[in-house]
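Below you'll find the structure, written out as structure tokens, and then a few comments.
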Amino acid sequence: MNSTGRIFRIGLFGESHGSGIGVTIDGCPPGIPLTPEDFNEDLGRRKAGKKGTTPRIEDDLPEIISGQFNGHTTGAPLTIMFRNRNVRSEDYTNLQETPRPGHADFVAWKRFKGFNDYRGGGHFSGRLTLCLVAAGVVAKKLISPVTIKAALISAGGQKDIEKAVSAALDEGDSIGGVVECRAAGIPLGWGEPFFDSVESVIAHLAFSIPAIKGVEFGSGFSASAMKGSAHNDPILDDTGRTATNNAGGISGGLTNGNELVYRIAVKPTSSISVSQSTFSTKSGRVEELKVKGRHDACIALRVPVVMEAITSIALADLKMLAESRS
Amino acid sequence: MNSTGRIFRIGLFGESHGSGIGVTIDGCPPGIPLTPEDFNEDLGRRKAGKKGTTPRIEDDLPEIISGQFNGHTTGAPLTIMFRNRNVRSEDYTNLQETPRPGHADFVAWKRFKGFNDYRGGGHFSGRLTLCLVAAGVVAKKLISPVTIKAALISAGGQKDIEKAVSAALDEGDSIGGVVECRAAGIPLGWGEPFFDSVESVIAHLAFSIPAIKGVEFGSGFSASAMKGSAHNDPILDDTGRTATNNAGGISGGLTNGNELVYRIAVKPTSSISVSQSTFSTKSGRVEELKVKGRHDACIALRVPVVMEAITSIALADLKMLAESRS
Amino acid sequence: MNSTGRIFRIGLFGESHGSGIGVTIDGCPPGIPLTPEDFNEDLGRRKAGKKGTTPRIEDDLPEIISGQFNGHTTGAPLTIMFRNRNVRSEDYTNLQETPRPGHADFVAWKRFKGFNDYRGGGHFSGRLTLCLVAAGVVAKKLISPVTIKAALISAGGQKDIEKAVSAALDEGDSIGGVVECRAAGIPLGWGEPFFDSVESVIAHLAFSIPAIKGVEFGSGFSASAMKGSAHNDPILDDTGRTATNNAGGISGGLTNGNELVYRIAVKPTSSISVSQSTFSTKSGRVEELKVKGRHDACIALRVPVVMEAITSIALADLKMLAESRS
Amino acid sequence: MNSTGRIFRIGLFGESHGSGIGVTIDGCPPGIPLTPEDFNEDLGRRKAGKKGTTPRIEDDLPEIISGQFNGHTTGAPLTIMFRNRNVRSEDYTNLQETPRPGHADFVAWKRFKGFNDYRGGGHFSGRLTLCLVAAGVVAKKLISPVTIKAALISAGGQKDIEKAVSAALDEGDSIGGVVECRAAGIPLGWGEPFFDSVESVIAHLAFSIPAIKGVEFGSGFSASAMKGSAHNDPILDDTGRTATNNAGGISGGLTNGNELVYRIAVKPTSSISVSQSTFSTKSGRVEELKVKGRHDACIALRVPVVMEAITSIALADLKMLAESRS
């Protein structure tokens, strides 16, 4: 299903090369100041155009269809749409027959029995993260004064990200990266034990972002090599402040009053210019494929604002859930 | 909330030292052969008693309260309960005042305003994974002939797990580990794009297991250091079989017909015998704490069967969801 | 929340005088033939213009934003939008201060703290039933060959509906009515005991239609005056066919193989031309109100196609749910 | 599925003649005073034993399995169980072959492919309303100081209920009834437009009670014969108080600050002593059936406390939902 959340629910729709894409937010309280301009900053950060990102540049002007009136949310469902304009679907016509390795083309074709909109990846396109970013703009307002900041901390395994991107571009190849998100100012007690743990809800959303291969909180995978005496974060005072933060700000599935810290692993973009072999559904044989279209050499460059968005969305829901039960 | 799933839904209840714990499975089809004996193997694998696990040993006899009749599931909600018997609550009486670092004691006390059942961690206890294992036994039947196998592949950062555990025991300390799960025989097309991607649903459940700090699929975090030309898995034939499996068996959020492979990072057990400092809510000062009670030196030893269970639960739901929409 | 359904989920958005209204269907299988023309008949039946319905006539041309490609559903979320064009919001400017009796104006204003879009009833408008009808068009395809037919069986308490409407029009007043729906060809076994009983799911949707005051199945309220020996429907053969149909086609919350029969009571339209008294939030006193705007003398005339729609939506979800668990 | 609710969720489990039945409440806030004795009054009201009710009398002692500690709710899932003791399953052995008309026996057997627990109606039994009443006891505490009172207002079509029941008993037959529920003290603004309207949520739960054939709010079915000028409730002051209450306390799906009033139609009990004809699945012919077992002549006598319970459950969820979004 394409909706998620308990109280602050979001639902995505749209395809990369259809008439448009959008998001409906159901459960947004009334009276939140909101204008189309509020989306500019985050949508701009996601936008391509920088070195290492696709030359396909969309205007990405949000149209608020519903749920907003006189510059504020109304409390009714908030639908935000983006028209697709800069579409060159002819680039993708051969993808039906020669599915791109690493991409969803082949499984989408099989699962949806040939009825999926294959153009530009259709509903599987990373373009739909635009809708996540839009929803994140609203969610950020709801969890204020919590501050969220994500950044790319390595690319292609290197700290010198610009250098790594340049090398990939030169080779017509792509690289992955690690993005870290930190959120400060979260009160103790958001989240639920077990199935709505903060980690569960955030990871659920994070893994909905195409290209994410891993999610880790606080000490993450390095915890597997640590001892309890080193890993346990000593509690310092009645606010729950700890001397270290191996927990990444979460205890027992609940925020513990410390900074929320987590990282995601982004795989290298599947669409690359270098030639690859794949199975042709037309010829029934493995063939060479050269992907046309416009691609990102390092999609991870565009992920931080998406990661901030899904973090905000998760926290907005957990905040409302925690408050509803207090 | 303590329930999860779209069609094959599970809900947990109970506290570590209350009268019992249990799980209700809602959405199980009728006619699945099921007897209390079916639980023996997996419950036995989870059970403590081995070197490095807690000396608290419960009978863990499942009582099927409902949803089973004449040796088969009835199609009505299936509730399985376990009585708590081997309880030594007096071990935990001082935890109210001196919350264990790394454990949920402090946040639970704050969040639930002092009304939580603190004995043995209450509802936050790892004992509730017993219910996940029980639900997994049923889920495994539903996804047959898919085979699922999880194993501890490192402990304390070492491959020689037995040696690592011995060292931790000698020190009265604890160690973490990495557990890997592999599932074979999954048809192409389970899962959904975006919010019910296979990764999203599995990670949601995996992060509900106490002590999990990270989840990665296929190439996982190492993907961040790879190039697209190396990471993309070439498709070999019409079944979707690929030459490599960096995707971990998932493309675009859907199973792609290859082996599902993922790993979780388990932190070292919070409860250790070595002395630690923590904030005393009674004295209002940081004090030394020596945790009594019976603990695991390497809780990761008991995680594989739990990981198999949550994998089966996730796949059962996604299978039913995929089939409902085909 | 504005979404409902387990597998075949629908979500509404939009306001009466905003930029548009729409519905997202999540969970529609791929490969269902669907074009904008498919909506003509049912949208036409709902449309005003007949005697006794509002002179506000919208084009009501559906725009399929997503989920459809090459004349078929894709399996991705299906969003259908309708632009609002024939809007005369100035008719409604005084409703903020003098809320219409019987309408949601006052409670919407209080609940949403003055931020609701009050124009034409905003999100509370009956105009949103257009979206239900659109979703119903899709749902009807999914449950084919089940046939569904609803009809107005009384208006203003009379069987001669045309005469009753004429009288109401003459008086500048409005009248209510009873609409009956019959569905044939439903297999035995859709629905669930207790919380997803056929009655529960249908009534949930029926009561989401503005102006509905009652829902009854089969013998309905008259059952309260009957004896068991007369009410029980004798089973005649192995298909479950019964001699009478007091059950209305439902036993134990599940379809029983007989015709589904239920009725809804529609109240008289709240907006009437005759003068009424209401509390003025501006003056703080009770004042006379003459409602401007364009209204229906008998909104029940337009309800049958909406009732067919929500019946189809409910059955589509229950069908998919039943099949997912068989 | 057998769970319902957005924030205050309840899930039922159990069969009439299995080891027990129970309910899990997920989402109950911590700190609500709760002891087993709190259930006595409402469970006693539901209990059989009065004239016109079944001679099967169970102790119905609630066992609180989880979610309660030191006399208060803990905030963790609250599971309440009732053991089945006074079971005479031999009464039901022939029901497999000769399904009772008006009961779920036949459809349950077909839908669940013969695997359902048929004894005493199994999961379809009215005995599970015991769990609804138990959940209602908790819900009533959450919505305090709202007061809820339901009463049987007619039986067998007569106001002299005792006389009607006596007549039915004499004939070995059963009668239906109408139960009315009134709730006072509900603040304006609980509920949601469309899919979580107060009517939708209450009707969803009401129709989960076995034997309910109709639900109507305020003027109900009589509204269909009224004119708008008579039906509209004039608003009198800034609290939303109205001169009449045809709305039954609900406008636009939201509580409007006036008394909530609704009625349900209860059919006559299906199980009667007089001989009936039904299809025998054994002989393949229509045969005479004389239902053994212990039955209610007027099950409606026991419904008021169940109706109060489901009203409380619905309101508790809607209250928490409204407050979460304010």
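Each chain gets a letter, A, B, C and D, in the order it is written, and its residues are counted from 1.
The definition used in the following text is that contacts are C-beta pairs under 8 Å (C-beta built on N, C-alpha and C of every residue); 3 or more make two chains touch, one makes a residue touch a chain.
Everything numeric here is computed off the predicted structure, so don't read it as measured data.
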Pair joined by the larger number of C-beta contacts - A-B, B-C: A-B
Farthest chain (mean CA position) relative to subunit C: B
Centroid spacing, where centroids are CA-atom means, of subunit B and subunit C in whole angstrom: 44
Between subunit D and subunit B, distance of the C-alpha-averaged centres to the nearest whole Å: 37
Chain centre separation (subunit A, subunit B; CA means) in Å: 25
Sites on subunit C at which at least two other chains make contact: 1-3, 6, 12, 27, 30, 75-76, 111, 113, 123, 193, 321, 326
In the complex, subunit A residues that touch subunit D: 6-7, 27-29, 75-76, 193, 320-321, 323-326
Complex contact set, residues of subunit C against subunit A: 1-3, 9, 11-15, 18-22, 24, 26-27, 30-31, 63-67, 69-70, 72-79, 81, 111-113, 115-117, 122-123
Residues of subunit C defined as touching subunit D within the complex: 1-4, 6, 12, 99-104, 106-108, 110-111, 113, 123-124, 128, 154-157, 168, 171, 173-178, 188-189, 192-197, 199-201, 203-208, 210, 212-229, 231-238, 240, 242, 246-248, 251-257, 265-272, 274, 276-279, 281, 284, 286, 300, 321-322, 326
